[in-house]
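First chain written, first letter: the chains are A, B and C, and each begins at residue 1.
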Amino acid sequence: MVSLVRAELRKLLGLPTAWVGLVLGTLLAPVVVLLNAPYTRRAIAAGTLTDTSDLGLRDLGIGLIGPMVLGVIVVSSEYTSTGKDAPGARQLTATLTAVPDRLRLLAAKTTALVLVVAAQASVTAVVTLTLTQVLHGEHVPAPALTRVAAAVLYWTLTALLAYAIALITRNGIVPLTLLIINSSVVSVSYLLTKVTDLAAYLPDIVGARMFIRGADFPVAIAPVTAGLVMTAWVVALLAVGAVLFQRRDV
Amino acid sequence: MTTARAELRKLLTLPSLRRTALLTWAANLLLTFAYAAAESRGEPLGDDPALAPLGYTQAGFLVLGVLAAVSEYQEGDQIRTTLLAMPRRLPLQAVKALALAALTLPVAAATAATSSLPAGGAAWLPAATAYLTLTTLLGAAVAGVVRRAVPAVVLLLFVYVIAGPVLRARFGASAAYLPDTAAVDPSRGAAATITWTLAALTLAALTFGRRDA
Amino acid sequence: MITIDRVSKTKGRTQILYDVSFEARPGRVTGFLGPNGAGKTSTLRILLGLDRSQSGTALICGRPYPKLDRPLTTVGALLDGSGAHRARTARAHLRWVAASNGLPDSRADEVLEVVGLTGHARKRAGRFSLGMSRRLGLATALLGDPEVLVLDEPVNGLDPAGIRWMREFLRDSAAQGRTVLLSSHLMGELAEIADDVIVIDKGRIVIHGDLAEVTGDHRTLEDAFLALTATEAGGPW
């Protein structure tokens, strides 16, 4: 199993698009914190920004494109046609010849993805929060370690969500488009919370409750409950993806 | 003329383009409904509901352009059949853009109408239709240079969904140079959208003319 | 008539073609022979206007490929695979290609019949086997009833019946006065059908002449080829 995970890690990190995801995802949040620093300072001084406990943690959200790209391409790279000779040929054929046990293959892929994204999320969180402390330290309390860990968990679950949807759709474009649009400043899920309170339980909205405190939010959900609900979404979608992957012809 | 017919036929027989157009239109309908529902609950979302849904569904048009362009390169190396049949690359590139625009126009009009008419924004309809069509061409031009769907979509959505809003929030007044400002404020962003699209099309034509197929 | 005159090409830092010159004449099958990576496909892609050369000219009937009007009525080309998008049906693929050169839709079904794919007209290209993809590629090449045929490894992926069919088809085409240029690394196959032979190795033309000349004192074309392209000790790899 260790060698399988190593093979999947090598495969993932060999994709140029993976590096786009890694670099973008890691740099975006710190860059935005830097860009917004003068504005944030003014807002704190003017007293318009009263609740500063989410500062830094909230900025992490913009880097989520990284885990989304990583989660999707772990799957979509297997389904892209490899040659001109036969448009039907896909990398997955070679992969499954090497590792015929599909569930073991999925377990290895999942592990590789979790390792890469958790590492990326930890680096990003530490850099972004340190930067926030350096820039606005006197106004912003250092966030509790559990909240940082919850943010890392949120990134990892987001990557797994992207991965599960890609497994179901066998295509990279659909999940990427849906997820990236939904990571915009005003997300579609957030719009839906204006329509129905049930939308508060959509994975991206509920997951953010793990580490974000103050936000206008229709339903009060405790951090642990939030984590459980998001995990349940990911597990359910992964289960559907795994069953389909197991049953489908390549 | 024969080239135009061939290019139209190619686009019309790609199932992924039909699916994308349909999904985009349906998503727009859903978003229009969400905006209307929020309004009726007394929690308006701030933006002009005649245009706001298009800020999201423009992603579908970017994808439409990307899929049209990369269909030549991915999933079967079709580009060489195209170039064997129509070897003059610059006229071909121009016809490709026109054919894509011709097919996108009705989809863009239908999508724009879905969100602007119920919100009483009929005056925005022509501008929104033109904007979505140009956005599709820009997507196709970028994908024609990148030649692969996933990286092209990541790049475009990054610019439109993440970088654009951040820059607009930070440097509000000067954002008239961004390609997607027109989606929120047509009168201010129109020139930028046209310029960016033409620049992308020129770049795509230049690289297409010089590269090995 | 195909005339290639002093064509050179560099990809990145490596030169892959050095002053390649040869002719392929009407009414004859010209075999373009060379080991893997010798420059056969690059030469053909330059001839067809798909890739650019740094210097030299490659002409078909006296004109560079991009200057031909309705090129499919002059040249039919078969490269690897089918050149069709995987989501399109065989018939839809052939119809857009026909439309691009002002050919009637009915040509699509005619060429499908020629290559024996009539029963698969509504199948998507992505579901074709390797052999069927090649047949679809050949059907595309034949749409314009061209006087020049350019084929890259035409028998790759064909079954024995398909290989025999291809051989007879190419011989018939030459007999009708067409120019046939095909590349191959299969000596035995080429010896059966070629009138003229060109051997390329590491980007240079090694020999050019009719089959007897090229075979020379060697027992077979294969022996001649291996002698001409002999590489360092350790085998042809």
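Quick notes
Operating definition for what follows: a contact is a pair of C-beta atoms (placed from the backbone, for glycine too) under 8 Å apart; a residue touches a chain by one contact, two chains touch by 3 or more.
What you see is a predicted model, and the numbers here were worked out from it, not measured in a lab.
Removal of subunit C from consideration leaves all other chains as one piece through touching. The greatest centre-to-centre gap from subunit C, using C-alpha centroids, is found for A.
Among the chains present, the centre nearest to the common Cα mean is that of B. The distance from the centre of subunit A to the centre of subunit C, each centre being the mean of the chain's C-alpha atoms, comes to 49 Å. Distance between chain centres (mean CA atoms), subunit B to subunit C: 39 Å. For the pair subunit A and subunit B, the distance between mean C-alpha positions equals 26 Å.
Shared interface positions of subunit B, defined as residues touching 2 or more other chains, are 75-77.
Annotation for subunit A: residues touching 2 or more other chains are 81, 84, 87. Contact of a single residue of subunit C with at least two other chains is seen at positions 79, 81-82, 84-86, 125-126.
Those residues of subunit B lying in contact with subunit A across their complex are 31, 33-35, 37-38, 41, 43, 45, 56, 59-60, 63, 66-67, 74-77, 149-151, 153-155, 157-158, 161-162, 165-166, 169-170.
Against subunit B, the residues of subunit C that register as touching in their complex are 45, 48-52, 65-66, 68, 71-72, 75, 77, 79, 81-89, 92-93, 95-97, 99-102, 125-126, 140. Residues 2-3, 5-7, 9-10, 13-16, 71, 75-78, 80-89, 210, 212-213 of subunit B touch subunit C in their complex. Those residues of subunit A whose C-beta lies close enough to touch subunit B in the complex are 16-17, 20-21, 24, 28, 32, 35-36, 39, 62, 65, 69, 72-73, 76, 80-81, 84, 87, 172-173, 176-177, 180-181, 183-186, 188, 191-192, 194-195.
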